[in-house]
Amino acid sequence: MTHAQTQAESRFDRGQRALSRIDGSAGEKVIASLADIAPDFARYVIEFPFGDIYCRPGLGLRDREIATVAALTALGNAAPQLKVHIEAGLNVGLSRDEIVEIMMQMAVYAGFPAALNGLFAAKEVFAAHDAKAVPSS
Amino acid sequence: MTHAQTQAESRFDRGQRALSRIDGSAGEKVIASLADIAPDFARYVIEFPFGDIYCRPGLGLRDREIATVAALTALGNAAPQLKVHIEAGLNVGLSRDEIVEIMMQMAVYAGFPAALNGLFAAKEVFAAHDAKAVPSS
Amino acid sequence: MTHAQTQAESRFDRGQRALSRIDGSAGEKVIASLADIAPDFARYVIEFPFGDIYCRPGLGLRDREIATVAALTALGNAAPQLKVHIEAGLNVGLSRDEIVEIMMQMAVYAGFPAALNGLFAAKEVFAAHDAKAVPSS
Amino acid sequence: MTHAQTQAESRFDRGQRALSRIDGSAGEKVIASLADIAPDFARYVIEFPFGDIYCRPGLGLRDREIATVAALTALGNAAPQLKVHIEAGLNVGLSRDEIVEIMMQMAVYAGFPAALNGLFAAKEVFAAHDAKAVPSS
Amino acid sequence: MTHAQTQAESRFDRGQRALSRIDGSAGEKVIASLADIAPDFARYVIEFPFGDIYCRPGLGLRDREIATVAALTALGNAAPQLKVHIEAGLNVGLSRDEIVEIMMQMAVYAGFPAALNGLFAAKEVFAAHDAKAVPSS
Amino acid sequence: MTHAQTQAESRFDRGQRALSRIDGSAGEKVIASLADIAPDFARYVIEFPFGDIYCRPGLGLRDREIATVAALTALGNAAPQLKVHIEAGLNVGLSRDEIVEIMMQMAVYAGFPAALNGLFAAKEVFAAHDAKAVPSS
């Protein structure tokens, strides 16, 4: 393997490891769903947000997910991505209560409807989590 | 003083302490500027965001400012309030580099222009800080 | 009952009366749906928007709902809350035609898609109203 | 003059009368400022918002300005147009206090920063009004 | 038929021809769905966007749909209208790949979630197209 | 020079050539202004939007600038970046009249204030262009 391939792979690979670690299977589903419409965009999602940004050492993953959950709740126009990042928040160490606190705080900056819709998204994600956690026996 | 007054004051007073602690003189300027146009709104700003939300124990002030700086950068339509909260972030323990990381990350969720405008706001706030820190001798 | 309790209760109680009067059962459903995820936020919704803002004497409820329906239609990212407030508009004296006028006007300030989505939300709310009004015999 | 011209003129003329009545000299300045960049757009501004929408009988001008001031405050990205419509609100019968009430209410639906920026815009418009009202002697 | 009627009809008729040519049956469905809630707004949709704007000679229809698809993807709060205009883009000469390029580019200006939601809307529209194109034999 | 360096450089270099070609000196000023606050972000701006997206062969630069000018006008919260891209539009072959057409069309999708603010930004950029074009003799 040439050095060039190592380099090229490492940005993508680093991104894929970060995506797995942070978004888990929800992130992989997003990538898979791009395969037949915009495979290059799947690569960009892995390389730029995850390979470049989330891997930077200057801010921890828990802090980064606080920022993302807050921003997506405030913007209020990306419900599917918000759910992925509520999940991601849980994956990197935010508690359910902390996620709820972030959303309540967004009432101050983006209005009560944005906060309410964030809370209802969280409720859905938490319920799905609980459903998965129930033993099958 | 009656109990009722104590209660009534405590929500307002608790908010004022939080506002002072978090936003410092920038927050006090906002409150003062409301005196002749909407004094009741000055009271609401102190009571709800600061007396109710920021004082809740479930999330630390540093985490709360990550959320606020992220949201205001992403929304991109409240430059004066973003500057107040960049200042607030510094007040409650975020480093300049951490604030810059939050803004760069917002490129992913709200686009590069939102991130750029956040970074330029941070640059202004940091410069004003440095100017104040310079000894007059 | 102490004076303090009276004071504390009156803000919440005043809010609950206002919420009932304005949003009717739709508002109560929102509050109920918060019980298991963010009960404190249910209280804030009652206390701040309804106990503090809607109860202020400076603007009538019909005027307030014009403002809310216009804003939620223009923002375009809070469909469930818009429907609650179309209902609320009817409850406080706006006619269906007046609500339709507000939405058409939003085409000017937020674009035709925002106006269209507002009109379709109104259509849904009006149809649900008509369905409830049909006698069961 | 043919009937066709009458019809053609009446939509434009009706709009110009409405623009004058509602926005006053502020509206005329906007139209004038379009003359060298997009004169056709000046015509559309007169014909569609003012000739078509504001002239509709189903909602009074005071109600229409409540809707517009609320929407522009909530959107938060059109400060010059918000100022024109604060002025317009005064022209069609809203009191300063009512305009302030609308803006405070927007804290609920679009966040405190949007409400604050609306209040500061109102403060500026009211001050300009007072300056003009001072006798020159 | 008087001259006035000719004029009056020509703006509406020109708009209806443009709407048919650009949005096809999707546009007609939108108009039909307004009939019982806001028939005047159906007329405005035909007259202003289509009769006035899309018919202007200064920019071709393919260019106009690039602008519309980009704007609706970036705004991210008008999914039904975005789908109509993805369809419209195909009708006036944009290829599927070009539409996908526009959406990927929106990641830069409005964030990755806006781009993703645009791509998923395109995927749906393309799939519906393919389903219709399948011969029934 | 190793292959890896070639690869690494080519993404950055390709981006820098695209940035120069599209945004001209306005783009270089943005990059320079990031040097002391977020130099890594300057690199990302060059690499992702310009090195990855604008260089893709599937859509021409003129088409890409139609999309960007439309999106930034519609979003309405990034005036400095909109001006850079009005300039960019002129650089890659859009005429002033075509840029004006794009902005007028945005009235349909994002409201008249967004269109007006876009037109006033264009007026400023065009005037600056004319000022530069005046011979010094």
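We just call them A, B, C, D, E and F in the order they show up, numbering each chain from 1.
As a working rule, contacts are C-beta pairs under 8 Å (C-beta built on N, C-alpha and C of every residue); 3 or more make two chains touch, one makes a residue touch a chain.
Since we're looking at a predicted model, the values are computed, not measured.
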Intersection of contact partners for chain D and chain E: A, B, C, F
Contacts common to chain A and chain B (chain labels): C, D, E, F
Angle of the C-alpha superposing rotation, chain A to chain D, to the nearest 5 degrees: 180
Classification of the chain A:chain E interface as same or different, half of numbers criterion: different
Chain A-chain F separation of Cα centroids, rounded to whole Å: 29
Separation of chain B from chain D, taking each centre as the mean of its C-alpha atoms, in whole Å: 32
Chain centre separation (chain C, chain D; CA means) in Å: 25
Junction residues of chain C, two or more chains touched: 40, 44, 48-49, 56, 72, 74-75, 77-78, 81, 100, 104, 107-114
Chain contact graph, described as a line, ring, star, complete graph or other shape: complete
Interface residues, chain E side, partner chain F - complex: 48-49, 53-54, 56, 58-59, 63-64, 66-75, 78, 81, 97-98, 100-102, 104-110
Contact footprint of chain C on chain A as seen in their complex: 75-77, 100, 103-104, 107, 111-117, 119-120, 122-123, 126
List of chain F residues in touch with chain A within their complex: 2-4, 6-8, 40, 44, 48, 52, 56
Complex interface listing, chain A residues touching chain D: 74, 107-114
Residues on chain C engaged by chain A in the complex (per definition of touch): 30, 33-34, 36-38, 40-41, 44-45, 49, 72, 75, 77-78, 80-81
